[in-house]
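Okay, so subunit A shows up in both of these, paired with subunit B first and subunit C after.
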Partner chain A sequence: MSSRSLNWSLLKTSVKIDMHYRFRVLIWMAMSAIWVMVYPVVWLAVYGDRTELSGFSRSDLLTYFIGILVMEYLAQSYVDEDMHEEIREGKISALLLKPVHFVRYFFFVHIGYKLLPLGVYAVLITLGVSVLDIPFSLPTQWYTLPVFACTVVIGHLIAYNLKMILACAAFWIEEAEPLRVLYWIVCNLFMGWMGPLVFFPLWFQQLSTHLPWQYTAYFPIMIFLENVTVGAMTYGIAVSVVWLGIAVAVRHVVVRYSIRRYNAVGS
Partner chain B sequence: MRILTLWLHYIRTSLIRHMEFRAQFFVNVALGFVWLGFMFFTAHLFFLHTNEIHGWTEIEVDILITSWAIVGSCVQAFFWAGLSEMTAQITNGRFDFYFVRPVHALWQIIFSRFQPAQVVEMCAYGILLVLFLAHSAIDVTFIGLTIYIALLFCALLIRLSILLMLETLSFWFVNIENVKYLYYSIVDVGRYPTVIFRSAEVLFLTVIPIAYLGNVQTLFLVGEESWQLLIATLLVTVISVSVATGFFHWGARRYSSASS
Partner chain C sequence: MVGSLKRYAQLLYLFTKFDFYLETAYGLNFLFATCGKIFRVLLVMVFFKTLVLRVPGIPQWNEAQLYILAATFYITDLIASILFHRNLLFHLPRIIRDGTFDRILTKPIPQLFHAAFNKIDVGDFLAFVPFMYFWIYIVQHFVLSVTFGSVALYVLLVVNAVVFIFALVLLLGSTSFWLNRGDGFGRLVDHATGAARFPFDIFPEKLKFVVFYILPVAVLATLPTQALLGFAQPLYILYSVGFTLILLAAALVVWNRGLHAYQSASS
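Showing the complex of A and B:
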C-alpha cells in the first residue's frame, strides 16, 4: 500500500467511525459549542453600552469566537487523550506492530475525526450568518485567506506535536491525567480561548507572544480579522515556524526515548 | 445503619487506595489550587474592563464562583469517580455487578468511590468564602447563612441529577465516555451570573437548572433573597432528583449486559 493511500485509508476509517458513533460526535460538538458560546455572552455583558473594547467591535468579537469554535477543530489536537488510554491499557502494543508509525497513524486518524464536525459547523455557521444575520467580519485583502490557511496548518502541526509530547508522559508516569488538565488550563489561557488576548493585561500579552499556544488559535483568527499589521504578521509567522521546529525536534526525541521504556501491561 | 456502615467502608477502601499513591494525592491537591487560580483569574479579567456586570460586582462574582466551586468539589470528592465510570461499565458489561449485589445499583454507583484530594479543595474554597465575606460589606445573618447552606445542598442534588441523567444516556448510546465533559461544560455556565444570558436565563431557571448551582445561593448570601426563589429552588431540586432517578430506572430496564 502506497504512503498516500495509507493516509487516505486512515482518514476514511476515522470518518466511518465518526459516522457510526454519531451521538458521541454530537456530544463533542455540543460541548465545544457551549464552552465557546458562554465567553462571548460574558464579554458582551462586559461591553455594556460600549461599541468596542480594546479595538474589538461587537461584530469582531462574535467573529472571533466563531473562529475559536472552528479553530478548535481545525488547529487543535486531542491525540493525548487517546494515546493516554492506549498506553495505560497496553493497547498501543498492537499499534507498535503495525507497519505505520503511531505518530503518523494518530495524525491522520485525528484529522479524519475532525472532518464530520467541521462539515456540520460549516453548514451551521453559514446558516447562522446568512439566515439569522449574526454579525460576521469577512476579510477584505486578497492575501488574508492564503496567509490564514498557512497559519492554520502551522498551528495544527504545533498543537499536534506538543500534544504528542504530552501524550508520551503516559510512558513515564502511571497517571498522566493531572498533567493533561494542567496543560489544558495553560493552553486555553494562552491560545485565546477565553477571549481575545488584547483583553488581557499587557504582561500577559507580551508573554504569550513568545509562547507557542497563541499560534494555534489566536494568531490565525487575528489574521482572518485583519487585526494585525504586515510586520506583526511576518514576525508571528516566523515565531510560529521556530516553535514548529522546536516542537517537532522535541517530539522526535521524546517519542524515541519513550518507546524504549514501554513494556506493555501484563508483560 | 447498614447502608452507613457500607458507605464508611467504601470511604475507607478508597482512602487506602489513594494513600498507596501519595504523590498522586499531592499532585491532585496542587492541581485543584491551579484550577482555583484559573477561575479567579478569569473573573478578574472581566473586571479589568468594567466595574459591574449586569449589577454584579467583582466580590459578588467571587462569592458566586466560590459557592459554585464548593458544591463542585463536593461532587468531585464523593460522587464523581463512581458516577463518571458508569458509561464505561455499561459499555464493557461490568455494570452487571451492581445488579447482583444486595444494595441498590444507583446507591452503589453514587457512593462507591471517594477522592480525598477534592476534600482539601473543598476546604480551601470554604476558607476563601469566609475571606471574601470578611473583606466585603455584606452583613451575613444566621438565618441567611442557614438558608445558604441548605441551598448549597440543593445545588449538590441538582448537579448530581444532571450528571446522572447524562450518564444514563449510556443505556441507549454506545461509547459515549465523553458525556462527562459535556457535564463539565453545562455546569460551567453556572459560575457566571445567569442574568447576563438574558432570554436564556428562563431556560437556566427551568429546563436546564444551572442558575441554582451558585447564583441563587449568592443572591441569598448578599441579601437579595426572595421567597419565590427559595421555593423555586426546592421545587426544581425535587423535580431534578425525581426525573434523574426515574430516567435511570427507565434506562436500567434496557440494560442487557455487553456480552449477552
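Showing the complex of A and C:
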C-alpha cells in the first residue's frame, strides 16, 4: 500500500467510526458549544452601550467565539487522550508492530475525526449567519484567507506535536490524566478560550506572545478578523514557525526515548 | 438514629482514608491533580479580574458581587466534587456497564450511600486553599452589607445547591442502568452546570427563563449570592427549594427502579 493510500485509509476509517458513534460526536460538540455560548454573553454584557472594546466590535466578538469553537476542531489535537489509554493498557504494542509509525498513524486518524464535526459546524454557521442573521465579520483583504489557512496548519502541527509530547508522559508515569488536565487548563488560558487576549492585562498578553498556545487558535482568528498589523502578522508567523520547529524536535527526542522504556505492561 | 449517623461518619472517614492512600501512592499524579484543581479556581479569578479591569462590573453585578458569585459556585462545586460528583456521574456508569456494581450490592452498606460516597476526592480538599484566599480577599477589599439573616439564608441555599447537584447527578448516573453509554449525556449536563459561575441575570430573556426555571442551575450560585446580598426574590427561593426536593424525589425513584432493572451484565 502506497503512503498516500495508507493515509487516506486511516482518514476514512476515522470518519466511519465517527459516523457510527455520531451521538457521541454530537455530545462532544454540544459540550464545546455551551462554553462558546456562555463567554460571549458575559463579554457582551461587559460591552454595555459601547460599540467596541479594545478594537473588537460586537460582530468581531461573536466571530471570535465562533472561530474559537471551530479552531478547537480545526487546529487543536486530542491525541493524548487516545494514546494515554493505549500506553497504559499496553495496547500500543499492536501499533508498534504495524508498518506505520504511531506518530503518523494518530495524525491521520485524528484529522479524520475532525471532518464530521467540521462539516456540521460549516452547515450550522452558514445557517446561523444567513437565516438567524448572527453578526459575522468576514475578511476584506485578498491575502487574509491564504495566510489564515497557513496559520491554521502551523497551529495544528504545533498543537499535535505538543500533545504527542504530553501523551508520551504515559510511558513514564502510571497515571498521566492529571497532567493532561493541568495542560488543558494552561492551554485554554493562553489560546484565548475565555476571551480575546487583548482584553487581558498587558503582562499577560506579552507572556502569551512568547508561548506556543496562542498560535493554535487566537492568532489565526485574529488574522481572520484582520485585527493584526502586517508587521505583527509576520512576527507572529515567525514565532509560530520557531515553536513548530522546537515542538517537532522535542517530540522526536521524547518519542524515541519513550519507546525505549516501554515494557508493554498490559499486553 | 445517632448510632447510624455515627456509622455513616465512620464509613466516610474510612472512604477518605482509603482514597488518600490510593491517590498518594502515585505522588507525582497527586501533585499534578492538585495543581490542576487549584488552577481551575485561579482561572475563574483571573477571568473576573480581567473583566473588572475593563469595566467596573456588568449590569447589576459589581466587582465584589462577581467575586462572591464565583466563590459561591466553587463552594458548591467543591463540596459536590469531594463527596459524590465523580462517583455518581462517571464511576457509577462504568461499574454498571462492566458489572462490578455487583460488589456494591453484596456489601452490608446501603447501596446509594456506597455508590455515592465510595471515593472521597482528597485532592479537592487542597483546592480549598485558593478558595479561602478568595473569600479573605473579598472580605478585606470590599465593604459587604450582610446581616445574620442573609448569611443564614445563604448557608441554607448553598445546602440546597449541593442537594440539587446530588439529585441531578444521581438522576443522570441512574440512567446508566438502562443506557449503555449513559455518561455522555451526564457530561453534557455537567458542562451546562459549570456555566453557573457567571451571573445568569445578564443572559438573554429566553435563556434566562431556562436557567432559572426549566433547568434551574441558577440555584447553584446566582440565588445564594443574591440572598447574601439581600436581593433574592422570596418566591424564587421557595421555587428553587421545591424544585430541588422534587428533583431529589424523582432521582431516588429512578435509582430504585434502576436497582431492580440491573442485570449484572458481565457476571
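Just so it is clear, the second predicted complex is superposed on the first by the 265 of 267 C-alpha atoms of A that agree within 3 Å, B and C clash if a C-alpha of one lies under 4 Å from a C-alpha of the other, contacts with A are read in each partner's own complex, and residues count from 1 in each chain.
Just so it is clear, contacts are C-beta pairs under 8 Å (C-beta built on N, C-alpha and C of every residue); 3 or more make two chains touch, one makes a residue touch a chain.
Note that the structure is a prediction, hence the values are computed from the model and not measured.
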item: Subunit A as common anchor, with subunit B and subunit C clashing or fitting; value: clash
item: Which superposed partner A:Val181 touches (first subunit B, second subunit C, both, neither); value: both
item: Touching partner for A:Val46 - first (subunit B), second (subunit C), both, neither; value: both
item: Which of subunit B and subunit C A:Phe23 touches, first, second, both or neither; value: both
item: Contacts of A:Met31 with subunit B and subunit C, given as first, second, both or neither; value: both
item: Which superposed partner A:Leu189 touches (first subunit B, second subunit C, both, neither); value: both
item: Which of subunit B and subunit C A:Phe199 touches, first, second, both or neither; value: both
item: Common ground on subunit A, meaning residues reached by subunit C in one complex and by subunit B in the other; value: 23-24, 27, 30-31, 34-35, 38, 41-42, 45-46, 48, 53-54, 174-175, 178, 181-182, 185, 189, 194-195, 199-201
item: List of subunit A residues in touch with subunit C within their complex; value: 23-24, 27, 30-31, 34-35, 38, 41-42, 45-46, 48, 53-54, 173-179, 181-182, 185-186, 188-189, 194-195, 199-201, 204
item: Contact footprint of subunit A on subunit C as seen in their complex; value: 26, 28-30, 32-33, 35-36, 39-40, 43, 46-47, 50-51, 53-55, 58-59, 181, 184-185, 187-188, 191-192, 194-195, 198, 202-204, 207
item: Footprint of subunit B on subunit A - complex, ascending; value: 21, 23-24, 27-28, 30-32, 34-35, 38, 41-46, 48, 53-54, 174-175, 178, 181-182, 185, 189, 194-195, 199-201
item: Contacting residues of subunit B [partner subunit A, same complex]; value: 21, 24, 27-28, 30-31, 34-35, 38, 41-42, 45-46, 48-50, 53-54, 169, 173-176, 178-179, 181-182, 184-186, 188-189, 192, 196-197
